[in-house]
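Two complexes are shown next, each including subunit A; its partner changes from subunit B in the first to subunit C in the second.
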Partner chain A sequence: MWWKIVLFVVMSWVIIAAFVYPAPQQGIGEASRIFYFHVPQAWVAVLAFVVSMIASVRYLRKGDLLDDDRARVAAELGFLFCLLATVTGAFFAKVTWNSFWNWDPRETSIFVLLLIYGAYFALRSAIDGAEKRARLASVYAIFAFITMPFLVFVVPRVLPSLHPSDSVVDSSGKITMSSTTALVFFPSLAAFTILFIWVYWLGLKISVGQRRAAEEAVR
Partner chain B sequence: MTSNYAVMAVTLIIWVGLFVYLLRLDRKVKRLEEKK
Partner chain C sequence: MASPKSSYGLAAKSLAVLRKDILSEYRTRYAINAILLFGVTTLTVVSFAVGQIGLPADVYAALFWIIIFFSAMSGLAQVFVKEEESKTAIILKLTADPTPVYWGKLIFNFLLLTLLEVIITPLYFVMTDVVLHNAALFFTVLILGSIGLAGATTLIAAIISRASIKGALFAVLSFPILLPLLIGAIGGTKKALGPVEAPFAAASSELQLLVSYAVVMITASVLLFEFVWEE
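Moving on to the complex of A and B:
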């Protein structure tokens, strides 16, 4: 229970401080406050896709349907947080670039990533039979994951993009943010990570319960 | 700055709502597990 209290306090602190402290990037102005939410959401999406890939590999090695549940729940949360990062990014784009969407390389690559993981759910819903579905979905999830580092980290840095790229670290790996910004950003990163773990755990329990109930109904 | 406080208040309300929903869901899931 104590970690739930910690999560509540830290996230509440992040929300209050994000709007009360000076904006993290003065040049961009008030809109840069979205950085405190947008970046942790993107981080959680990446983390969720890593979990999904690991669970998929485990399923292919051991054939336990619990790993398939793990992979699906993680992919669902990854998709959700990726969507949240895209929406918050679009709001930022409206304020700074005067358009919600202009097919900037960063926007295009995140859109392609959403399509790739959207296809994962379409694939799952198209296959009958839990084991066949789990096997094919696991293979697809591994291939989907391979594209993720390119779409999230490489493409927007190789192609010219308007997206700020030195908000956390610069090209030499040095942390660029001020200590005031770090005081909000790192707790936000931690709070979003704990929130992800909690929702993932709940989603997994519900998913396993539903699968077992369906198996019992068939018997 | 006043609008910042308005956005902060709305975000806090959403967060509290989400947190309470998750707490209740957590309790329900635990109760279901205990039943088994």
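Moving on to the complex of A and C:
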């Protein structure tokens, strides 16, 4: 219970401070405040994909359907946060680069993540039988995860980028963020992560309950 | 993994699966017809629409890979779908280990793709007025791209052959996974079509991308195939 109160306090702080504090990047102006929400959303979208992949690996090793529920719930949340990150990113792109979409490498990779989530759900809905669905969906989640390093590390070398790459750390790994920005950004990152864990846990409880109810009905 | 009871090696078993697939394809010609006719149709549409306009090399490189991608999507799933539809998958599961089945199907898909390219590539240069400046780089990118394309889609084909809506799912599941490959292949082809100094050096990052993609995806497929194939 206590951590829900902590989450409430931190989230309130983030929402207020994000609008009251000076904008993080003076050159871009007021619009750069979206950074406080956009980056944590993208982070959660990727985190959820990692959770989903780990649960998929566990399912293939142990064959426990609970791990399949973990993978699915994480993917559902990841899809939601991925959508939010894509939309906020598109608005920010419109303000700074004057177009909603221009196939910058990070736009490409977040869009591919969105497509992977979509394909994952399409695959799940097309297979009958819980065990078979869990196994094939796990294989696809792992297979798709393996392509991410190419999109994150290799494609930016082939395509030119517009993304601000030095807003958190510069190329030598030094933190370039100002201390006031960090005071909002890191709590925001933590708040979004806790929010993800909380909703993930609720979703898992619902799906476990649903499966148990279905088993009762069969009996 | 070779089972201890059998005296044949992995290569011999894979070639046996490949031989069986080529034989059954020779009798029905289903996948060849689908992939070649789709390829020629798409090529005709592209040529009819933009062939004589004289667009920059970038656009021709992208169009070429769009033709290859969609033709591949129309035929490469057949290698597993036909096993499920004709109910022969169970017999294949009983008589062969998963890994040789994967290798046999992968080589079959690669050969199918090569056949498509052998027919599409000359026609493409005839029907659009694009000039090939560097043939060696072009064919290197084409072969590496085909290995990666076949390598990534063969596992997807095995997955969708077990699902209820097969045709539409294949392209949906394959596209996000193939995107890094397509970016590298289109970039490399672009450099082969345009007048570029020292083209292999200029396209080195694309070539590295294509080689590492093919190696990683085929390795992952070999490891994961067992889970898709076994009941």
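Keep in mind that, in the parts below, the second predicted complex is superposed on the first by the 211 of 219 C-alpha atoms of A that agree within 3 Å, B and C clash if a C-alpha of one lies under 4 Å from a C-alpha of the other, contacts with A are read in each partner's own complex, and residues count from 1 in each chain.
Rule of thumb we're sticking to: a residue touches a chain if its C-beta (ideal position, glycine included) is under 8 Å from a C-beta of that chain, and two chains touch if they have at least 3 such contacts.
None of the values given here were measured: they were computed from a predicted structure.
**Student:** Quick one: classify A:V20 as touching subunit B (first), subunit C (second), both or neither.
**Tutor:** first
**Student:** Tell me which partner A:A214 touches in the superposition: subunit B (first), subunit C (second), both or neither.
**Tutor:** Touch partners of A:A214: none, neither subunit B nor subunit C.
**Student:** Give one of first, second, both or neither to describe whether A:K205 is in contact with subunit B, with subunit C, with both, or with none.
**Tutor:** Only subunit B is touched by A:K205; subunit C is not.
**Student:** Under the stated touch criterion, name the partner, subunit B or subunit C, that contacts more residues in subunit A.
**Tutor:** C
**Student:** Looking at A:S12 after the superposition, I want to know if it touches subunit B, subunit C, both of them or none. Which is it: first, second, both, neither?
**Tutor:** A:S12 contacts subunit B only, not subunit C.
**Student:** Should A:E30 be classified as contacting the first partner (subunit B), the second (subunit C), both, or neither?
**Tutor:** Once the two structures are laid over each other on A, A:E30 reaches subunit B alone.
**Student:** A:Y140 in the overlay: touching subunit B, subunit C, both, or neither? Say first, second, both or neither.
**Tutor:** In the superposition, A:Y140 touches subunit C alone.
**Student:** Does any part of subunit A touch subunit B in one structure and subunit C in the other, and if so which residues?
**Tutor:** On subunit A, the subunit B and subunit C contacts do not overlap at all.
**Student:** Subunit A touches which residues of subunit C in the complex?
**Tutor:** Subunit C residues touching subunit A: 155-156, 159-160, 162-165, 169, 172-173, 175-177, 179-180, 183-184, 187, 205-206, 208-209, 212-213, 216-217, 220-221, 224, 227-228.
**Student:** Okay, in this complex, where on subunit A does subunit C touch?
**Tutor:** Interface residues on subunit A, with respect to subunit C: 60, 108, 112, 115-116, 118-119, 122-123, 126-128, 132, 135-136, 138-140, 142-144, 146-147, 150-151, 154-155, 157-159.
**Student:** Could you please specify the touching residues of subunit B with respect to subunit A in the complex?
**Tutor:** 4-5, 7-8, 11-12, 15, 19, 22-23, 25-26, 29, 32-33
**Student:** Spell out the part of subunit A that touches subunit B in their complex, as residue ranges.
**Tutor:** Contact set of subunit A toward subunit B: 4, 7-8, 11-12, 15-16, 18-20, 30, 33, 198-199, 202, 205-206, 209.
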